[in-house]
Structure formats: structure tokens, C-alpha cells
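Accompanying notes for the structure given below.
Letters A, B, C and D mark the chains in the order given here, with residues in each chain numbered from 1 onward.
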């Protein structure tokens, strides 16, 4: 999202292969340094990831209800500048990889509306069943994700 | 727990009908006012409640595994003085009521070791099954809690 | 907010003396009972309170920047029905009292859009300075809040 | 920490250049997959880092009070196996780098007492002043950290 570019809907917008979701930094998310605590960013990534899926017709809630989870196997965050209480933050999310046993997302957090980069990040996920065991992605979800992966490519 | 009175074990101690559990305020639990955020206290209450049960031979983990939960139906907190990063806080927990469809706990948070009162609180719980429906407490747990309730009385 | 009644703006809306703010339950906010953890509701109340103030021209961020905080001195929550991952929840907030040394808010959480009651709650606050000492509300904020209190009455 | 090896004190222990801190997984830290949410691990790393410093005579609280913070500039977590409610988890922390403008820590989370690896991780920090600007580490802290870095080497 370029500086000053508003999302097309209130909550989220799609630009090609990316989704942009706005979150507002909560008071509870700050720490005594006066900034949003670094452990909050993975939660915002998760919010962005869920919206990315929703915008492409995949409900993560339905996926969970069907017994499939995308367990996080790897997380990386690079912190660029602080986020402050009441800031609006654009979570720019993108699927970067989709295989039957691995899905990856990349993120950019930008202060809204000025576009200042707050952080970048990446998560890797493995499909798991209800008992937490790694599984091949069921056909229903695999097909949907592969199609999106092709669009990405 | 009186000021300066150390818990008898590292994590927790029992004094009659009360249990005392020490927690240390985490940096992530502070907010930009420089104090522990008020939403953290119910989490400390929960830690105290779980230890209260453990010390009386009831594992909340086993209770959950057996399909029974104690869903919170009511929460009250009175905030007396702030807790600060790195403070050790004694969570003094006590069961105040145990019926087949309702359990209640009371809490006191005290700065350790000086004993300054940080907060008092109370939670009310209803036994629920895996689907979240209110149920009568299964016999196994009811008997154990009633016995404790008699001791309390 | 009546069932099915949409907020007038994407984030929040004002109905007389109430503000309605939509939040979406995050995956990170759930617990192993499969519902939103009870300690999250006070955070949603806070989100609602901040929006209530914003809609009436009072920025809680500016209040904090000016050295005034509204420290929580009391919290009550009554839990009616569970909130689930991905639920949209309307936080209905209302100031119920405004004096120079005490401010109180009441809340209702309703599942959106069906309007099912999830919880009710109440917070009491004392104005404090940067060092956390209780203070009389500075004139600027007192006047604004009193005016709103009259509207409430 | 080898499987079954108890920490020498209740909260934490030092083995050469490592510190081992025990945390117990809280109910509030679980999610609806029935495991500890991935955003909790960075908070446990922080707990371990603070104890690592304390055991070497450096209070992070005093560092903060003196106006110096160690802002997180990078975070990496590799998730190996799930942590469950009520698990005791050993946070094995170690400083891996100490320069005047950068400090790094590495972590291992192990289920206690069986020693099963739950996660590994790494954080990089930059010294900042109260306004959040990157600064050279003040002499007092630099000397202490350098000495530890030599011990590490």
C-alpha cells in the first residue's frame, strides 16, 4: 500500500496478490517503553493472514472447523520503527508458498496513512489435524491454495 | 500472607484454606502508563486458582482432559495500587463457594515481600461440558470440592 | 444496537449516548475451551471506551500525551454467552458517570449482526498524573466530560 | 539442560553461560488448537532474558529506570513441538553477542523435566534511550556486558 492510499473497504482490501488489513494499536498492546510490545506483531500478522484467506474465499474458521489447522513452524520479524498507541497500522499480507505440506506468508506493517515501514515478517506453516500431527493438506484446501499460488507466480 | 512471610515452596504455599502463588510481573504485561495492564490481573487470578486446585490434589488440566471446564461467569476486580515490571506478586487464592452448578473464588494480590495490597478480586464459575453447556459437576469432582467447601466452612 | 442493525461507519457508530465499535475475535484471543478467553473482554471494553471518547472529540492518546490517564480502579464483567474465533462483536460503550475524580463506563458486548448478548461490564476510573497519583481532572478535560455527562442525564 | 536435570533454584539456574528459567504454561496462553499460542514464545524468551541478566547482576528494571532499553530489532522462532496447558517449560537463555550498539540472545524452550525440545529462537536488540532513539550503550552497562561477552567467548 502506497502512502496515503486508502484500503478499498473498511477492514481490508486486495491489491493483486496482497491483502491490506487495518488494525488500530490498542492501549493494552503497549508496554512501558511507550510502544507496542514486540510480541503483538505476530498477532497482527495472524489477523492479516486470516483476512488474506477470507478475501480469497477461504475461511480459516471453516478450515479449523473441518479439522485442519495451519500450525506455525517458523516466525521471523524485523522491527524497523515503533508503533504507538492508537496508530492505525496496515498489515500487508501475501502468500509466498503453497505446497501440500507447507504454506508460507510474508507481511509488511506500515503506519497508516503515511506508509512508514514499521516491520516486515514471515511465517511458515504446516497443515496439521486436530491432534496436532502434520498432514497433507486435504484436497479441498490444497486445490484452492495451489490455484492462488499459480496466480502468485 | 503477612509482609515478609515467605511461601513455603518456590511456587506456591498453602495456609489453611488459602494458597499463595508467586508471579513475577513480565515486561510484556506492562503498558505505557508504566504499570501492569489491568487486564493481566484476571490471568494472575487464573494462575492462582489452578495452583489452589493443584495443592488440594485436583489438577485443572485433568479436569479439562476429562471434558469438564469451569467457565467464568462473573469477574470483579478492585484495583488498589499499581504493580510494576519485575515486581513479585503473591496471588492469595481461596475457594469461597462450591455447589454442583457454581464455584466461586476470591483473590488478593500483594506485592512480595512487603505485603502491600495491589488488588482484590472474585470469580464465579459454572461447570460446563466440552460443548460449553452448563452441567452438573460430575460426581468425582463434586465430592472433592464439597469436601473442601466443608473444610472452608 | 438492535440485531441486524449495522453500525453507520466501518469502525464505530454513535447512537445517542452510546458508541458501537466492532471488533473481530482473533485466533490469539481464543483458549483451549475453543472460546475467547475471559481476560480479553476488558481489552475490548478499553477499545470501546477509546472510540467512545474519539467520537466525542476527545482523544485518549492526547489525554495521555498531556500527562493525564484514566487508571482503572474497578472492573466488573458478567459473561452471558461465549464469543468464538472470527466472530464480529459489537462493543456498545457508554459513559455513566463523570466527576472531577471519578469516571465510569458501562459496556455491552453483542454478537454482530444477530445481536446475541455476550457480556455486560463496567469500569470505574480515577484521573491520575504521570506518576500514577490520583488528581483532579484538569479543566480542559473536566469541562468536556461534564458536558457529556449532562447530555447523558 | 539435560532431560530430568532440575534447575538449582526454584525459578532459575545458571549453567556456564546459560540461564534456565522455568515457566508454567497458563490457560490464558492456550488457543483453540489446544496448545500454547505461538505469540507467547517471544514473551517467554523475554522472561528468560531478564532472568539471564539478573543472575549476572544486571537488573533490566534498573536499566530501564536509568533510561536505557534494549529494543527488539529482530526475532526468530523455530517451533518444534507444541507446549500444552500446565506444562512446565525450561527457558534456556544465552547472550550470543554484545557490542556497543547491538546485543543478541539465543533461546531454547524444553519441556520440563523430560527435556523435549519445544522451540529455539533468537532476538537481536539495540540500545535505545527514553525517546526510542538508538544510542551507544552507556559505559556502566557496556562494561558489564563486554565482560560477559568475553566469558562467553
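Brief remarks follow.
By our rule, contacts are C-beta pairs under 8 Å (C-beta built on N, C-alpha and C of every residue); 3 or more make two chains touch, one makes a residue touch a chain.
Treat the numbers as computed from the prediction; the structure is a model and nothing was measured.
Of the two chain pairs considered here, B-C and A-B, the higher C-beta contact count falls to B-C. Here the CA centre of chain A is 35 Å from the CA centre of chain B. Centre-to-centre spacing of chain B and chain C amounts to 26 Å, using the average Cα coordinate of each chain.
Counting partner chains per residue, chain D has residues 27-28, 32-35, 39, 43, 46, 64, 85 touching two or more of them. Taken pairwise by the contact criterion, the protein chains are fully connected, each one touching every other.
Taken in their complex, chain B has these residues touching chain D: 9-11, 24, 26-28, 43, 46-47, 50, 59-61, 64, 84-86.
Contacts from chain A toward chain D in the complex involve residues 32-35, 38-40, 42-43, 46, 64, 69, 71-79, 82, 128, 132.
By the touch rule above, chain D contacts chain C in their complex via residues 27-28, 30-35, 37, 39, 85.
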